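As written, the chain order gives the labels A, B and C, with residue 1 at the start of each chain.
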Amino acid sequence: MTRTRATTPGPDASLQFDSRGGLRHLLTLQGVMRTQVQALIERAEILRRESGGGTRPLDLLRGRTVINLFFEPSTRTRTSFDLAAKRLGAQVINFDIASSSTVKGETLLDTVHTLEAMHCDAFVVRHREAGTPEFVAASLRSRAAVLNAGDGNNAHPTQGLLDVMTLRRHRADFAPLRVVICGDIRHSRVARSDVHALRALGAGEIRLCAPRELAPAPEEFPGCIVRHDFDEAISGADVAIMLRLQKERMQDAAIPSEAEYFQRYGLSSARLKQARPDCLVMHPGPINRGVEIAADVADGPQSLILEQVANGVFMRMAVLAELLAPDRHAAIGA
Amino acid sequence: MTRTRATTPGPDASLQFDSRGGLRHLLTLQGVMRTQVQALIERAEILRRESGGGTRPLDLLRGRTVINLFFEPSTRTRTSFDLAAKRLGAQVINFDIASSSTVKGETLLDTVHTLEAMHCDAFVVRHREAGTPEFVAASLRSRAAVLNAGDGNNAHPTQGLLDVMTLRRHRADFAPLRVVICGDIRHSRVARSDVHALRALGAGEIRLCAPRELAPAPEEFPGCIVRHDFDEAISGADVAIMLRLQKERMQDAAIPSEAEYFQRYGLSSARLKQARPDCLVMHPGPINRGVEIAADVADGPQSLILEQVANGVFMRMAVLAELLAPDRHAAIGA
Amino acid sequence: MTRTRATTPGPDASLQFDSRGGLRHLLTLQGVMRTQVQALIERAEILRRESGGGTRPLDLLRGRTVINLFFEPSTRTRTSFDLAAKRLGAQVINFDIASSSTVKGETLLDTVHTLEAMHCDAFVVRHREAGTPEFVAASLRSRAAVLNAGDGNNAHPTQGLLDVMTLRRHRADFAPLRVVICGDIRHSRVARSDVHALRALGAGEIRLCAPRELAPAPEEFPGCIVRHDFDEAISGADVAIMLRLQKERMQDAAIPSEAEYFQRYGLSSARLKQARPDCLVMHPGPINRGVEIAADVADGPQSLILEQVANGVFMRMAVLAELLAPDRHAAIGA
């Protein structure tokens, strides 16, 4: 597994699901069924109400221990998981990699087994190597759950879930939607999880737009339309999901400058006019203003970007609750 | 806003106060009224008693989320705010800048708006640039409160409040007090906030003592006496507030060594004898022993330094309570 | 106190014990009596049951503040103390040294006194200098307790306690046990605390095995058998405690490679066969697989390594409870 590998490791579905098809871990959205996505959205909406929008602490996970194992820096995702777990009453250990024994050369698995031995109920794992959360899940010796918080270019399943949760608040029916995802599709875990989530809910048409060098292998996204011209791709779109550009990718794509990237693949208000008038704008953040999206579009009336962030906490609460307290789910949902 | 700018940006009072003149944020003590300072001290004293000196957890802020946004290293201030919030029952997120998305170039405001979207009730902000907390407060999209935990050379309002709280425990009447503040006044946010707090409570005379190069612009401290000779300035003083010397400032002041600085501006026990016999000694910490203050004075019977630290937690509890739970204030005070 | 000093500073027993001989701090196991070790093990076992193995939060330390002061990186020990304190209901402040005022040159003692002034009930101290926890304890101005989480080559008392707790679950009677400790004995705080704990519980024979350059001064471990040949030392052993090898020590011992170290001092399954058939294998972690221990032995049926980790949390709960809530101990034990 190297950092630049563009293909996705085959997820081991049997690992993610228990014998009755329920979620045991959340590693990828590939293979997750429509009813499961819908149930998680429903649960997130319930938790949103029950928590008073994040102001009323719940105790669904009282006594549970959640460990954030972040091997990549992250503002929003780690804080979002942190708040989600704490607002459900769990103890959270933020595992600071820089100050951890990994500097002494402890292997990832020894770290995981050590933390398991101290008893923990969930690992939230982010790692630059695709497949790390799956690797951790396969190696567990306890009943702990693994939540993938982003692994290489493979998957970012809670992002996919929060994106469709957010979208569903504005568009009840996904069937007629034309969604364009634009940016470095090739290396984007967000694109992959978004496509899986949108597919699960039956989105009508998914267009993937990227510079030729950053386009995905065609076989990886069967049924999606791949385009290299953003003006063409956004035409008539109902939803535009813009991806963050990693600076180092610009060079791979032989794009000489951020201004040049913005001119060709950035979402300006002029370009947004080529989409449908009510086209919704999404971005997983953090935003590069003036690179992949204009500031006025990011802050404009069609932007759902901060709603995505808000829903992220509720969706992560839902996933934690689903994995760690499935039985109390029924009671709440009843 | 540069690091070496010695003048203070004009605070926007309308931002700090709500329409009834109540505190909406705590950005500066400039413009804060005597009754407000007194009310905060009173509230801090009540919380001191109610919390059993920090041993009995309260739930005044249960369900509230406080985010510590520290862009400068800090021992005491961050831990003090952290303990204050937790002892009131709030959730605290310590935002570790080194491990955050700022390494990916996320702007300060995007960070703030993202955290707001996750729902938070207060931002505690420390930044080396004067005006950052005000900038954050002006940019908020929610009802969150901003607490300035020190911004450049501008203000450190909770320090000013805890200093007068501490002093009032020893001196009921501020009118006859002659207070000398000694050190790098020019670049000191502590000096500014102390002067505002002392003024609000009617301190009789404030003397500012600094090397000529580190003295403030005269117009910035109207009514204060500026001196360059510490022996002269401390003569007959009731209170001596010593400021921490940043090493790099010594060079600005053409002072060749720490020993030389101590000889001219350090508070030795010999020099303390020139003040009134019961002169109280204060320092915001962390102390440079043997630079701005002698170890035996810092640890001596006239020193209030550790009392300042202790009161800091209660004052920060009071400010958090005032900003986040003003109505419950009345009930407690009743 | 330098990093390479191999001798142990004499612990000041009067500091560790109160006037009735009860534990006031936990600095070292030297001088701790058999009954005290047994009582702590008993308490840890009770807390293990009462906490449902770590799943049921207790409130024995509600309102107490525990500060983790770690000046060395640590995965397991810091997280273990963190979980132990939180599972007893305490507030925990993890003091991040890199982001603290020590960068401004604040001295250790000023840091400690500052934190004391904010009120805290316990300091958990890890430092590369032997004697630091003792130094902190001697300098306290409050009733706070100091728990040594590892200081230089001096002591790691909770490790010693959790090791004998783990061993006692498998061997009720220590009298007939032949225990071999192998590795860099000279610089190992684990070896010292293990020897003290094993002695307190009356272990029959303790063999210390190390390369000649890493062997202890003979007078430091009176009554222990010192060997340089591991095959000889492990022969007929009931317990093998393997120590982590610091890479830089290999050079001190003139051992050219990890493979060479493993060949001479590593615990392979072949070598383990020279011990008694039911010989138990222990290691404080983190493990260097293939250096001091073979992976198959570390993961094998005779290994107690993960049990040690699990018991570590309960033992740290017991020590915290003993030091911070001794009276409630009686009630629970009754």
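The rule is short, and it goes like this: a contact is a pair of C-beta atoms (placed from the backbone, for glycine too) under 8 Å apart; a residue touches a chain by one contact, two chains touch by 3 or more.
Quick caveat: nothing in here was measured; it's all calculated off a predicted structure.
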Interface residue identity across copies subunit A, subunit C - same or different by half: different
Turn needed to bring subunit B onto subunit C - CA fit, degrees, nearest 5: 120
Intercentroid distance (Cα basis), subunit C paired with subunit A, Å: 41
Subunit A: positions in contact with at least two other chains: 96, 98
Complex contact set, residues of subunit C against subunit A: 52-57, 70, 73-76, 79-80, 82-83, 86-87, 96, 98, 244, 285-289, 306-307, 309-310, 312-313
Partner subunit A, residues of subunit B touching it in the complex: 62-65, 91, 93, 95-96, 98-107, 110-111, 113-119, 141
